[in-house]
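Common to both upcoming complexes is chain A, partnered first by chain B, then by chain C.
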Partner chain A sequence: MAKIIVACGSGVASSELVVKHISDFFEDHGITGVDVEATDFKKLPDILASYDIYVWIARPSEQIQTIVDENNITSVNGLPIFTGQNPEVSYKEIISGLKGLSA
Partner chain B sequence: MDVLKTVVNYVLNLGAPVFVPLIMFILATGAGLKLKKSVLAALTLGVAFSGMTLVVNYMMDSISPAAKAMSKIFHLSLNAIDAGWTGVAAITWSYKSAFLFFPLLLAINFVMLTLNWTKTLNVDMWNVWNKIFTYVVVLYFTHNAFYGFIVAGIQIVLELKAGDMWQRHIEDLTGMPGVTVPHFVTLFAVILQPLNKLLDFIPIMNKPFDSAALQKKIGIFGDNTVMGAIIGVLLGFGAGYSVSKSLNLAIQAATAMTLFPMISKLFMQALSPIADAMSGFMKKHFNGREVYIGVDWPILAGRNELWVTVIILVPVMLIFAMILPGNTVLPFAGIINLSFVVAALLLTGANLLRMLVLGFITTPIFLYGATYFAPIITNLAKTTGTVKVHAGQQLSWSTFEGPDFRLFFAKAFAGEWWAIGLSVLWLLGFVWLYIDQNKIKLPSQRYDKLATATQGTAAINVNDSVKNDAADINLDDLDGMDFGASSKSNSSSSKKISSDNINLNDLDGMDFGSKSKKE
Partner chain C sequence: MNYKEMLQPELVFLNIDAKDRKNLYKQIAEKLMKLGYVKDTYESALNKREDEFPTGVVSEHISIALPHANPENINKPFVAIVTTKNLIELLQMGYNTKEETKTFFFLGIQHSDDQLTLLQKFMALIQDKDFVDDFESITDESEMFQYIEKKFNE
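Presenting the complex of A and B:
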């Protein structure tokens, strides 16, 4: 199972919106086997390491970037999805990240 | 006519958990959603209401007796339980005319963009709820729905102007161009502005402060579950409970704190089809024009200063709640003061020391706001039937959003002269803020050496682009390469597949069930 995480302030509104869009995108394309979850920034450093792809809407801090690098996580700018301006850019990066995963 | 009246009354009397999802279903179907999706959205909304009722009642049942016992021991009157923004938002969404505020927001934004009065296009449809809530507050004081819409309208206009004024600062703080945060909470900067100007005279306030290390140390206390447990156990001891009873309260409090955001997520899931349709409509009409896209505040949440400030303010808020005379609110679910910190971050340009000082000074404003507005929140909970509030108990929100604006304008429309005066003063304060924010230096250049933080983010970008096996690149051999479609995420992994070759129409049926990055 591939795992994607999105983070925002409370893990409620913004991240959930992005999660919903990504899930809808997967559903529309019949893509399966991907878990998309929302969380809040306070929790993120503790759980990020176990995910495959991090879709961010706030630029990763140094601490987050270190975790991303050390655990070989694909980090994707989710702002295009969040604002609705050219979301395809983010989707492509997510798909490329997924394809790069090993079976 | 009588039949119609009977039908309308019957539908209204179904109660919020049935009535609002019904409206949701009609709107979603009207927005062209597939039947399956509109049914799901409507049901999810109903589930969200019931779920929130469950959690708020659970919280009140476990916290209230302890709060009562503690109040008795310390001679306090903490009878208002704090449901936080998630709880208040849930109750607000169940208000019967809630959905009217989508078109109101769209219409005002549409007119202001067309007339070039703003450059902000607000696509943040989640925070429509704080306009609904303002309406409810005004209605409570004035008993006049029209005034409610007027004040909500004023709020929308001010938010859009705030979006214009914050944009360049947000770009500087986050490195993201073209986005802004036209959020109601940023308007608290009107109150913070004079205080912040006074801090200019204190030399140490003009020094930067590295918050990254501090964030790592205290970050754990900001976790909802941990914080709930700590408050629970403290409350238990304060109430004179035994150790075992206090520990049980700790788990119950942690449960409530953990479940709040989980339930709130359901609202977002349910409302997203409407939100998408609305923001899609706006974007279609202003396509190709240079606008700032207005989104919710978490795009700023990458700044450590924000989290360090709210976590340090948690004990401050608890202590103030104990010692402020007349305070009735026991801070709990809303204790992370997001209603303060976003405005403070933007206004001070992420200066940690200033944010802390301002937070300390203004914490009483929020607690008194919460005390003052507790009857309104309680009343709203009762009229919508979402939460059972027992006699002698109140429901509130310890970090009540925009207590200044809501109090002044609601009371002004109720015809109180002091409030009319303060509203005018508030508006002048906003004009001062607007002018000042347009000419003040950008956050990264404002203080002596505040460059560290922004260098941090810049450095990440550089690393990202150079990391790609930079050693193998022959600088004489670059001619004709096209980086137009590549992006910085082409990072570490050698197994990485370029996203350029992916055709989004050709993905159907992919299954990642057996994949993961761990081999």
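Presenting the complex of A and C:
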């Protein structure tokens, strides 16, 4: 199963909201078999490597960026989803990231 | 708790005279503590969080900030509507670029879908030009409470 992690500073407010939006988007578009989870920046470095797509709301630190690069994780700007301003841009990147996995 | 109960008439503070962000957060933290919503650790947690992970959000119509601290620093969920007399400088969430704002929605969020709905509601409102125009024209705190309450119920 493809795995998406959404991370903000605290893991309560913003990331949970973005997870909800992404899950709704998948449901509306009949996309199944994708696991979407929220976390905070404290836990992120330890778990990030096991995910396929990383949606950031807080700016990735150097440490995070290194993990992303080394593990070939698709990194997507989640702010448009969070604010609702042109979220299509982020969804497109997520979809193409998912397509890259199945190819 | 339903997110609509997070908004209370005592949680609207308009035209606060603050010289900078830290001064504003100090004033609001004091008010929230007196009202019993937050613990004494709240102010420092709020600043720490803002330094590490800025909470400014810019829409086409308005710049806002959503200051919040981790759940362990609050006693009960709340949303405080705050405007300042002068522009306050802080950074935008995710991009960490400079932003100036007079509008702050302090979120006391614990884990619940209802509270996420609240955040979602605010995001929709700041993209609604009519809302922004109304919001910026209201100077009376009880009128503001009634207006936001009405918007939450729409």
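Simple rule for what comes next: the second predicted complex is superposed on the first by the 101 of 103 C-alpha atoms of A that agree within 3 Å, B and C clash if a C-alpha of one lies under 4 Å from a C-alpha of the other, contacts with A are read in each partner's own complex, and residues count from 1 in each chain.
The definition used in the following text is that a contact is a pair of C-beta atoms (placed from the backbone, for glycine too) under 8 Å apart; a residue touches a chain by one contact, two chains touch by 3 or more.
Everything numeric in this text was worked out from a predicted model, so none of it was measured.
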item	value
Touching partner for A:Val76 - first (chain B), second (chain C), both, neither	first
Residue contacts with chain A in the superposition, chain B compared against chain C	B
Touching partner for A:Ala58 - first (chain B), second (chain C), both, neither	both
Partner chain in contact with A:Gly84 - chain B first, chain C second, else both or neither	both
Touched partner set for A:Leu17, first chain B, second chain C, both or neither	both
Partner chain in contact with A:Lys99 - chain B first, chain C second, else both or neither	first
Touching partner for A:His29 - first (chain B), second (chain C), both, neither	first
First (chain B), second (chain C), both or neither touched by A:Gly9	both
Touching both chain C and chain B, counted on chain A across the two superposed complexes	8-10, 12-14, 16-17, 20, 41, 56-59, 77, 79, 82-85
Residues of chain A that touch chain B when the two form their complex	1-3, 7-17, 20-21, 29-34, 38, 40-43, 45-46, 52, 56-65, 69, 71-77, 79, 82-85, 88-89, 91-93, 95-103
Complex contacts: residues of chain C adjacent to chain A	49, 52-53, 57, 59-60, 66, 68-71, 93-96, 107, 109-111, 113, 115-116, 119-120, 123-124, 126-127
Complex contact set, residues of chain A against chain C	8-10, 12-14, 16-17, 20, 41, 56-59, 77-79, 82-85
Contacting residues of chain B [partner chain A, same complex]	85-86, 123, 126-127, 174-176, 178-179, 212, 215-216, 219, 222-224, 261, 264-265, 267-269, 272, 275, 279-280, 283, 293, 295-304, 307, 338, 456-457, 460, 487, 489, 491-493, 495-500, 502, 504, 507-517, 519
